[in-house]
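Got some structures for you, see below.
Same chain, two partners: chain A is paired with chain B first, then with chain C.
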Partner chain A sequence: MSGAEQTMRLVLRSTSGKVGVALVIFHIVLAIVSPWVVPYDFNAQSEVLEHMGPSLAHWGGLDTLGRDVFTRTLLGGREALLVTIFGTAIAMVWGSLFGMFSGFKGGRTDEFMMRAVDTFLAIPFMILLLLVIASFGNSVIVLMLTLGFLYGIGVIRLARAATLGEVTKDYVLAAQARGESVWVILLAEILPNIRDALMVEAAMRWSWMLLAFSALSFLGFGVTPPTPDWGLMIANARIYMPLAPWPVLLPMIALSSLIIGINLMADALAKSLGLDRVQRMPL
Partner chain B sequence: MSLPLLKIDGLSIGYEGADGVAVPIVNQVDLQLEEGSTLGLVGESGCGKSTLLLALMGYYDSGLARLAGKVALLGKDPGALNEADLQLFRGGDVALIPQNAGQALTPTLKIEAQMLEALRLHTPLPAASRQDRILQLFDRVQLPDPANLLGRYPHELSGGQQQRVALAMALAGNPKVLLLDEPTTGLDVTTQQAVLALLSEIALESQTAMVFVSHDIGVIGAVCERVAVMYAGEIVELGACNQILQHPRHPYTQALLSSIPKLGQAWAFKAPTSIQQGQDRRLSGCAYAPRCEYVGPTCLKQKPRLTRDQDREVKCVQLSEIARMVAPAGGHKGESKMVGQEYVLSVNNLSVSYDHTGWWPFASRQERKLTVREVSFDIVRGQTLGLVGESGSGKSSILRTLIGLQKSFEGEAQLLDKFDLTTPVAHRSKACLSKIQMVFQNPDASLNPRQSIFAALARPLRIYFRLSEPEIRAEVERLMAAVQLPMEYSARYPGQLSGGERQRVAIARALASKPDVLLCDEITSALDVSVQASIIQLLKDLKDAQGLTLLFVSHDLPVVMALADDVAILQRGQICESGRVEQIFNAPEHPYTQSLIKAVL
Partner chain C sequence: MVNGQELSYLLRLVIQRIFAAFVTLGVVSMVVFAAIELLPGDACQAFLGQMAQGQRLANCRAEHQLDKSPIERYGIWAAGLAQGDLGNSIKRSKPLEEVIGPRFRNTVILGLTAAGIGIPLAIALGVIAAWFRERKVDFWISGVAIFFMTIPDFITGTLLISLFSVWLGWLPGIVIMRVDAPITEVFSQIGLPVLTLMLVMIAHIMRMVRSSMIDVLASEFVMMATLKGLPRWRLLLLHALPNALLPAINLIALNIAWLMGGVLVVEVVFNYPGIGRLSVNAIADRDLPLVQAIALLMAAIYVSLNLLADLLTLMLSPKLRTQRVQP
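Moving on to the complex of A and B:
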């Protein structure tokens, strides 16, 4: 589609857009190919060399258990990316559908759904997450569904607000007058017009979800050891930081570069779609 | 002769095109304005009239710049003033009344605060006497009950009141020149007339000079002494208003005047040769040549100059030729054919109300307001009923009810004697849905901006008929041809079409289901006069060719007159008079109808 192509071109025109897209693509490619390119087995221990600093053989040094930090950092984003990419997709799909429906229906349906959303937003996500993980375990599927559900609640609000801006327009009225069904109106008429806002929202949600996932791992609820994960690595090596900073530094750089990349990409996307443009006075 | 207040010499305003060549928006304009005189600028949208007007205030849209020429207003050049002087100049020497006063007033400030600010900036009055001055000004613009008005916000005023407040603000600094940018376009006819009368009075009384921009030549005629007709950034005819209105000489002025339907006159519309064509500013010859019906070989080669011709100045080399060719036109409105007396649409005792029920089930239902009261009418097959009324008279509510989108109403409505139109749209059968279709007021809003024209036309075909892809394509081709648009347009998006073309697409979409009844909701009010004329012509053609029955809602009497067979006048939700068009317009009985007809210029 030429519209998508044009947007992509606009995103890539700004320096921040280039950097953001490059970082995101780098991390995704890395997550896919890392099992074949890592220099060591991520679980191989070397007791003699624990807490050793960076060397030519071990670029990132070794951690508490004498495992290669560089290897583990390369692999550490795999599960996080898998969970958050699908989690974001789930959040966007169900959040948009419910939000659009709520905004389109209006009246009591809308009122009821918005109050339900408010109620959920009032509960801290982290507590809900821990609750779910405590009862259903921390498998990838459970994490995906839970994160997707929780982060979709915010999407409902955005999709509803965007829909409210569209429902009063005559083309929606025209579609109703033609006798189109509700879902055709939502998906074929309204969705293309609010797509831009949703795309930017998706990018933002993704970066937040990534932080939440890493926080979970940091707390010990996300990824089960010994699977390498950035949040977990930071948590484990944290206490030795004054002594051996590298096992913390490397995953930190990896995680923050990905999050910064996503944010830069989202910003450039918003700019190129004209969503952050300030209206100027005509006279 | 009094001193020229405003002198424009060879002014050109434009932007630099992609190829580095300057594209003029306003081209070589010479104008003079004496103290206390009024000048109108007319032309269709995009002819550069607003750009010219704003240049007089020293304002250029981004990307635009003065290419050549001089402006002297009260001996000053607004383009050369610095920021501080410009602020004094605007509002002090020159004041602008914008097109939409409602948007020009600050929504979050009360009227009083805005008036005080205008006085503080543009008059040397001490703070204590400003209040009195406001009352004086309000009195002057005939705003009743000023004490009450001052405490309100702009959105709490009617359109006419907003326009009067804007006028009072403009008059605050006692400007020598008032610039008016389509000041009455958004108002309904009665309000429009009142505002125009007020403007003429002010021009007479205070000897304020006015430059009045409008696409409506009738409005100009009511206020201005002189008029300049603009086309493609150039003045093509300039002279005394009544002279030009009665005897237009330039072919464009003639086309402009003939495209306005007039009351009491047979409306003979001559379709401009190609209405879709934009205004090309870079032709080596006459800019109007591509659309001109009298075009000759010299027109294409040489740019004509504005030359004196008897009582006015005209920019055309073919004048003597045209005078010879024009025979007195006098078409007659053909008697409408009777295609059998079958009632296609009958509405009986329809009342529409708006319920203000929140989601609390206990809330009182007392706020039930009737917007339409016991309206009844029938339409015979192939006939057109015009429903006329001012804004808020309930016209649109009736249409919404018939199309099944109105929730609370009482009464009966039958389509073709077999479909009950009181069922909401969600419960109607496909057969019923396809028989009655609606065209909306504003094609910008009624077409989905993210849908190509082809997709927009294919939607109804997919809903109502089981067609294969090639059949849909053929059907879209037929529809595009029916509304006289080239098939290549079907790949475009609404944003790539002009307003008139978009409305054609909207009509084509409504025709896709092969309806018997077409509901038209003010479908020409968002369009230029010449485009409006072509849309009316299109509807007439469609009506004759397909035997369509139209319910045509409009606030514009002349348009209804040009199209309808029968007419019903709505006042505050009730039909106060109805009958054949000729009868109503020639001998209106109800005082409201009389005042409506009188209000039309």
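Moving on to the complex of A and C:
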């Protein structure tokens, strides 16, 4: 894997790349070890309810139910990271496969697939997401699969465009002349050559999915209380802001730093691979 | 000059695009209908919940024609849609137009205000950043814009509320108004939501304008104009900018569609009575006909604005327009 190693080295050469990778690794490590390092039980309510400001014992203060905000912030990204990392993986796998196939096949298949993609992109994702969650519940599996499905639709377009740039090249023609099967050509020949574009896409999709996930839990559709989650914590603490502004602070910093970290990483990755990061709206 | 051959080609392209947009909308309506059909339980069960039994359920189903087959119901729904009749809300038991209409008006007011201030501002900032590229001004404009583009919109909204409402007390933190409040009252309340939406959308357009402006400024015709001694403002605004805006048209349309489609989270943050918040409430209430109608409305906005952007790009760029005229 010298290619991956080299890419990593290039990403880490820039300051923003270093900061981005550091933030992302920090959050992932924290999500794994946090249950063992938190100072309090995330659900324990303090007896001194009125004491809500930050103190030496409670760095982030207490929330409206007297729970330690610092503890809950440390734990608050676990489900978000779990869902979005696997969700992104699902989106990338199915989106790339369909996109590569469409670009390689061309003709009517391609035409039909692109029309279908256009149609799906016209449907408001957020409403569809909320509907699915309202009907099937907000379990981790449902969230992963739904987000993975919806965010894979955009991947089809990118994978197809990247494949179109490869299909006429000699190595693909050679593979076809050797009589390789379609899937062998796609996975063994074309995929390694469009890997760079897909990697940048994956990083961007991850940050968009995280935005969608946190919006869901902000709206009360994502994570079931009392499980700590940044979006939910912000939503709950927000109402009492005129009285107690501090409980919103830590979860906002945590969520923003993770998303900014992923974006810095994506930027550095795109730059090191010589790709211009596409300027698009998060869908 | 546009000659006859070119015109007929252009006309054919326009008709093709419009036709394609209608086909897309037709398919979207089927997908939305099917998606709701595939969910467990029907609209009456979903709405009545625990009470979905016996006569009550049967009455509800009869009232909303749920006793017919899905294909028949799609036919009825689609025929109604074609005549501008969206059907009835289950929860609110009145025509959906009456439920959606005033809230859509509010969303349009909010969106147009944000777009009307935000888009020119974003273009101006993009031009400034491109002119001073790689210098301090560019660094700060780009940095701040990207920061607000990256962080979630509800965090931006919460930050603005805590700054302008809780701390400084300048603007109302949340919107408190009747759904059908007069426009002047709406305007007096939407300061912070407009600011939030602007901060979220400015960066996308600004970055696009900046990068295409940098490309244009490096092109030969700009160098020619510079050598001819054209004043800088003329060069920037009349020669470079129109060319730099072309690639941004689609993005601007996408942004307007995003705003018109009701920005769910921002409307919820500010308690704003638009269709974004309505859709969240409709889902929470399990008012499926209402959800269906809003989803289709949002899709229609997206498709028509995309169509508009495509046509505009086509009209404005000679290259695309005449590409395939030569036999």
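Rule of thumb we're sticking to: the second predicted complex is superposed on the first by the 273 of 283 C-alpha atoms of A that agree within 3 Å, B and C clash if a C-alpha of one lies under 4 Å from a C-alpha of the other, contacts with A are read in each partner's own complex, and residues count from 1 in each chain.
Definition applied: contacts are C-beta pairs under 8 Å (C-beta built on N, C-alpha and C of every residue); 3 or more make two chains touch, one makes a residue touch a chain.
All values derive from a computational prediction rather than experimental measurement.
> Which partner does A:135 reach: the first (chain B), the second (chain C), both, or neither?
second
> Could you look at A:124 and tell me whether it touches chain B, chain C, both or neither (first, second, both, neither)?
Touch status of A:124: second partner only.
> Contacts for A:170 in the overlay, against chain B (first) and chain C (second): which applies, first, second, both or neither?
A:170 contacts chain B only, not chain C.
> If you count the residues of chain A that each partner touches, which comes out higher, chain B or chain C?
C
> Classify the contacts of A:252 with the two partner chains as first (chain B alone), second (chain C alone), both, or neither.
Once the two structures are laid over each other on A, A:252 reaches chain C alone.
> First (chain B), second (chain C), both or neither: which does A:193 touch?
The first partner, chain B, only.
> Answer with first, second, both or neither: which of chain B and chain C does A:263 touch in the superposed model?
second
> Of the partners chain B and chain C, which touch A:26 in the superposed model: first, second, both, neither?
neither
> Residue numbers of chain A touching chain B in their complex, please.
Listed in rising order, the residues are 107-108, 111, 169-171, 173-180, 188-189, 192-193, 195, 283.
> Which part of chain A faces chain C closely enough to touch in the complex?
Contact set of chain A toward chain C: 115, 118-124, 126-128, 130-132, 134-136, 207, 211, 214-215, 218-219, 231, 234-235, 238, 241-242, 245, 248, 252, 255-256, 259-260, 263, 276, 279-281.
> Mind listing the chain B positions that touch chain A in their complex?
Touch residues, chain B against chain A: 54, 59, 96, 98, 359, 403-405, 425-426, 428, 430, 433, 437-438, 440-442, 445-451, 459-460, 463, 506, 509, 513.
> Per the contact definition, I'd like the list of chain C residues that touch chain A in the complex.
Contact set of chain C toward chain A: 24-25, 27-28, 31-32, 35-36, 39-41, 46, 146-147, 150-155, 158-159, 161-162, 166, 173, 204, 207-208, 211, 251, 254-255, 258, 261, 264-265, 268-269, 279-280, 283-284, 286, 291, 294-295, 298-299, 302-303.
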